[in-house]
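Quick one: this structure, given as structure tokens, is what I'll be asking you about.
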Amino acid sequence: MTAQLRVGILGATGTVGQRLVAMLEGHPQLVVTAVAASDRSQGKTYGEACVWRLPGDMPSALRALPVRSPEPPLDCDIVLSSLPADIAGPVETQFAAAGYAVISNSSSHRMDDDVPLLIPEVNAEHLALIPRRRGFIVTNPNCSTIMIALALAPLQSRFGVEAVVVTTMQAISGAGYPGVASLDITENVVPYIASEEEKIERETLKILGRVEGPRVRPAEFPLSAQCHRVPVVDGHMAAIRVQLGRKAEPAELRDAFTSFRGVPQELGLHTAPLCPILVRDEPDRPQPRLDRDAGGGMSITIGRIARDRVLSHRFVALSHNTIRGAAGAAILNAELLLAEGHLRLRNVH
Amino acid sequence: MTAQLRVGILGATGTVGQRLVAMLEGHPQLVVTAVAASDRSQGKTYGEACVWRLPGDMPSALRALPVRSPEPPLDCDIVLSSLPADIAGPVETQFAAAGYAVISNSSSHRMDDDVPLLIPEVNAEHLALIPRRRGFIVTNPNCSTIMIALALAPLQSRFGVEAVVVTTMQAISGAGYPGVASLDITENVVPYIASEEEKIERETLKILGRVEGPRVRPAEFPLSAQCHRVPVVDGHMAAIRVQLGRKAEPAELRDAFTSFRGVPQELGLHTAPLCPILVRDEPDRPQPRLDRDAGGGMSITIGRIARDRVLSHRFVALSHNTIRGAAGAAILNAELLLAEGHLRLRNVH
Amino acid sequence: MTAQLRVGILGATGTVGQRLVAMLEGHPQLVVTAVAASDRSQGKTYGEACVWRLPGDMPSALRALPVRSPEPPLDCDIVLSSLPADIAGPVETQFAAAGYAVISNSSSHRMDDDVPLLIPEVNAEHLALIPRRRGFIVTNPNCSTIMIALALAPLQSRFGVEAVVVTTMQAISGAGYPGVASLDITENVVPYIASEEEKIERETLKILGRVEGPRVRPAEFPLSAQCHRVPVVDGHMAAIRVQLGRKAEPAELRDAFTSFRGVPQELGLHTAPLCPILVRDEPDRPQPRLDRDAGGGMSITIGRIARDRVLSHRFVALSHNTIRGAAGAAILNAELLLAEGHLRLRNVH
Amino acid sequence: MTAQLRVGILGATGTVGQRLVAMLEGHPQLVVTAVAASDRSQGKTYGEACVWRLPGDMPSALRALPVRSPEPPLDCDIVLSSLPADIAGPVETQFAAAGYAVISNSSSHRMDDDVPLLIPEVNAEHLALIPRRRGFIVTNPNCSTIMIALALAPLQSRFGVEAVVVTTMQAISGAGYPGVASLDITENVVPYIASEEEKIERETLKILGRVEGPRVRPAEFPLSAQCHRVPVVDGHMAAIRVQLGRKAEPAELRDAFTSFRGVPQELGLHTAPLCPILVRDEPDRPQPRLDRDAGGGMSITIGRIARDRVLSHRFVALSHNTIRGAAGAAILNAELLLAEGHLRLRNVH
């Protein structure tokens, strides 16, 4: 007899859905019992409906699972949602209303007052926003925002943050499948990702804000984001300048990064990396291909910490956009909800 | 009988040297009469020594030219130098001392007091730095700096510039040949280019500075550069934030860019583009693969002009790094020197 | 007063459609007077409907042209069709029935008995298949097939061909837009292109066959094709082994290639390259990025000619797949039809 | 007290050397006790001398190991050599003469009569070539050859092989570091890899030959190889046609591949994959990025098995070129030598 939480995945055939499935294989507490998709997959098994695009094979246990329509009821205790933005909003509301805990990677509800926009290492206390009823929604941030907010969190608490300028170079997997046409990105850079700059500018401030009564009072520093798509498969990079609230040696920023730990590390959550932030001292790191898998894809890597001539400091950050930036983020959120008593395991024979 | 200037190319077998050779084919005034290289090429013909790496074929007229050692005398009136940085310094000094006009793409002498760091559209008046003797050195800036300074020039004159934050995504051809190892850059981004950030920060201020007596008083605004190598063959991109000296609508910046003209346009220099700065209004432009060849590679392209939340405005700039950023820059400098009377054509039968 | 042929382009917003538009700009005889597309573009102008994906700008003369539905009547004398395969068949039949000459890049009618599958340098005599009526269809081959048949033609006529083994490495532009997902092809090779192997095996034999009465009797040698997609933007490459009908030195093959000329060269057709087949002797050529634009994209380039251990000889061929392999092929077909009297210019004031 | 074999790595700072180091971390029998390199690394520690280019970090246990000159004596029982071809020959001879077992990935001695060219699953019986003395050399084949010979082995034994035509598309890591210049391979294919075609044609026949007295009598079928470099980081692909000795359904080839096992599987060697050859039935597999890590990089993957129009059958094979094709091949050879009693563990306290 083991204690488990039965998970339904919405958007299970997509890029992030496949990552969720892969990361949950062999998970000690979370077991996938239902898959749903919005496309023409319904009526097929997951093995038939899903063209597996990750290295290796689809977990064999899920091959025979029927693909359901993304609407309640679903044979599970909670749902992890990576539905496309255009349908995620009402579907997630519907599941929450039906009493499911919805842990979502989609953008639809991130800015809702009663929805935590959660990075467990950064703002676990935002769980206080969850309404006291069975069904609710918890979201993780946009794939670039997670990295940026995670990097800023230790700076904010130790030095204060007064302004941030971010320039991203983002991987193609962030756009899902088929996503970016190869004719657009091969041997090229595209200086535009729809709504991305706005998401980063808005979400980061909510995450780094503070719960005041029934909502979050966002952080108040100005933040500027310019976003670019580059021909990299996985791994978002951000060149970041920051104006800190007080003078600081670059070595102090380094120490703030490497010593940073959060609730997931204290609680020893299954998917939590030992160090949320790694620092590399080589002059040419981090790099997507070499550093994206650090900490099983759940650590971000920072390098090139230095003084800046316009703001006070600068550095480069890198994160695996479909692990720490999406699927792993959602799973870590689920683990935190479990550990904090917002979800309960049920005994299974 | 035609009037010509006989050109020797130093570093003729390298990436920029080949571009110089290609761009000078059929030039109405400049004719290549000597090629020199620092490597083991000497004693061979140019056709034997040079593995041609541009599309198409080496100009057939140069195949039989013997490759000389890069030292005077050389059978030419002026030298265009794209020697590697480690040997360019003394060699160029030696040629200038021997009475040659040296038009250099190398970084060695760019910050010398009596050497103009020239972008003909931007600071033609810096030619006043040239000493009154037969031999002298004129340099063009670093490949990224040219684009940045060209983009800032109309903003500086119309609005004033108070701070600049630049993040570059640079093409592999900027590193010459063999340059960047494919194992380092395939499906990757490298957040480091040796000395590049310092060059941009230093050279831009000299270019936008003003001649005061025997030297340039550099512009005084702070400038921050973070540089990245991306898997693009040709075309440097820069995400630029700027704090302007007065309030301005984005449309005013657009107008400042598109209406910008310089001395080369007034004089109708052969290699000058009609418009030094093009603006594209599509949300996803400029892109290296689509825009690098605009204006024959001599126009830079700007897009995504908008207000910024930290500095006052932002935009994205793109330039062909081996044409406008190197070979074309040197040739345009030569054309300006001719037009301004610093060089004189000789009659050839 | 000039003599012109008024051209309508079917599928004008697609990858090949844009190439047609670009190549016809400034054409001495063919002028685009109508554009049609099968998608949601109708009712818009070409400038509004078409996201231009070639370097540079859309020809300004076409910006205001309204996008029509691909059905007769259309304001033109002939139609060039690059419609998607799923709709090209009946549409082209309809235009031919309405009296238009249809010059098609689509695969639907290529194997029809009364439709020439034409490479003007190779089988101009197949024009005899055209029925004696006003409306008819002439097709060009698949983008890989053109290169393969063009390479085999001089071997067949000089040595005889007994067997051919082809392995292709094909560019992403061959799949149109959006075509290949970047997640599928970045840092990857895909050993599959739908129907491509069958097309090459079938079309090559028709092209190299001989007209016997109302149809073509295909060439009879066995041909094997394995096709791969590689992360290259433009330029299909083929590794080819061939069993010749008699002993031959590699130098004899070289000579057969370089001396090959066809009807377009004799007639001096506008789009015909001086040499349909170029040979490069460097050990590492041809390469897509360096050789695809040879002859304005209309010459194929061959290299690495050698004896083979299984068949008798081998070599590598390269061709620009959207110029010689598609748009340029169709235009050359139109020029041949004009020159041979199958089409007639009309005087325009 | 554990039983171990102390390993010295020659060429430890190179691409394959780093793979060897990474794969031997935590190996149950082989422990790295010495590292040597031919370059300017000597006198430094491995941590100082080696720029680690694999994802993740250098094994920390090796950081402090001094880099030695590649000459005996070295503090180890056997040496694994991945020295550059130009120096491997005499160095390996010297180590063998000094009594070391040399397990080499270099090409220098592969064709020597008394040197097995070993793929443990294919020709373990070639160990009979080893001379009866303490020092000897055992080699693994060229990275492409391993995959080709492994794929042909079950066909040869079940059907007979009469001719083979191979066309490779090879990854950049096969050329070591810095290896292929990014300017040569970005958005490109290079149809040339020095000596590669000859190695494949020669080595495959030795591997598939039979020991007759003191040497191998090579297999006698003709084999043709054409080799290409493609912009893929890891994973060599080969399009293979084969003329079998008897008629066979494609399903019989499939069965021959999937049921193939060798000595390493029987002995349960540590680095041996469960299945040396995997077959995928999707029409678009294998692909380098998705399949190179199958079986920990030690399984090759085959797909697209079909009849061929010129030879009798065709298929596509894929293998991780620096694991199964180099470092893993050498380690598996060492494990086989241990298991077969050619090497002996020593007890370590």
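We just call them A, B, C and D in the order they show up, numbering each chain from 1.
Everything that follows uses one rule, which is that a contact is a pair of C-beta atoms (placed from the backbone, for glycine too) under 8 Å apart; a residue touches a chain by one contact, two chains touch by 3 or more.
Not measured: the values here are computed from a predicted model.
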Farthest chain (mean CA position) relative to chain D: B
Chain pair with more C-beta contacts, B-D versus C-D: C-D
Between chain D and chain C, distance of the C-alpha-averaged centres to the nearest whole Å: 42
Whole-Å gap between the CA centroids of chain B and chain C: 39
Rounded Å distance, chain B centre to chain D centre (Cα mean): 47
For chain B, residues contacting two or more additional chains: 53, 186-187, 231-233, 289-290
Chain B-facing residues of chain C, complex: 53-56, 186-187, 233, 289-294
Chain D-facing residues of chain C, complex: 163-165, 167, 169, 186-192, 201, 222-224, 226, 228, 230-233, 237, 239, 241, 283-290, 303-304, 308-311, 314, 316
Complex contact set, residues of chain C against chain A: 15, 53, 172-173, 177-187, 231-233
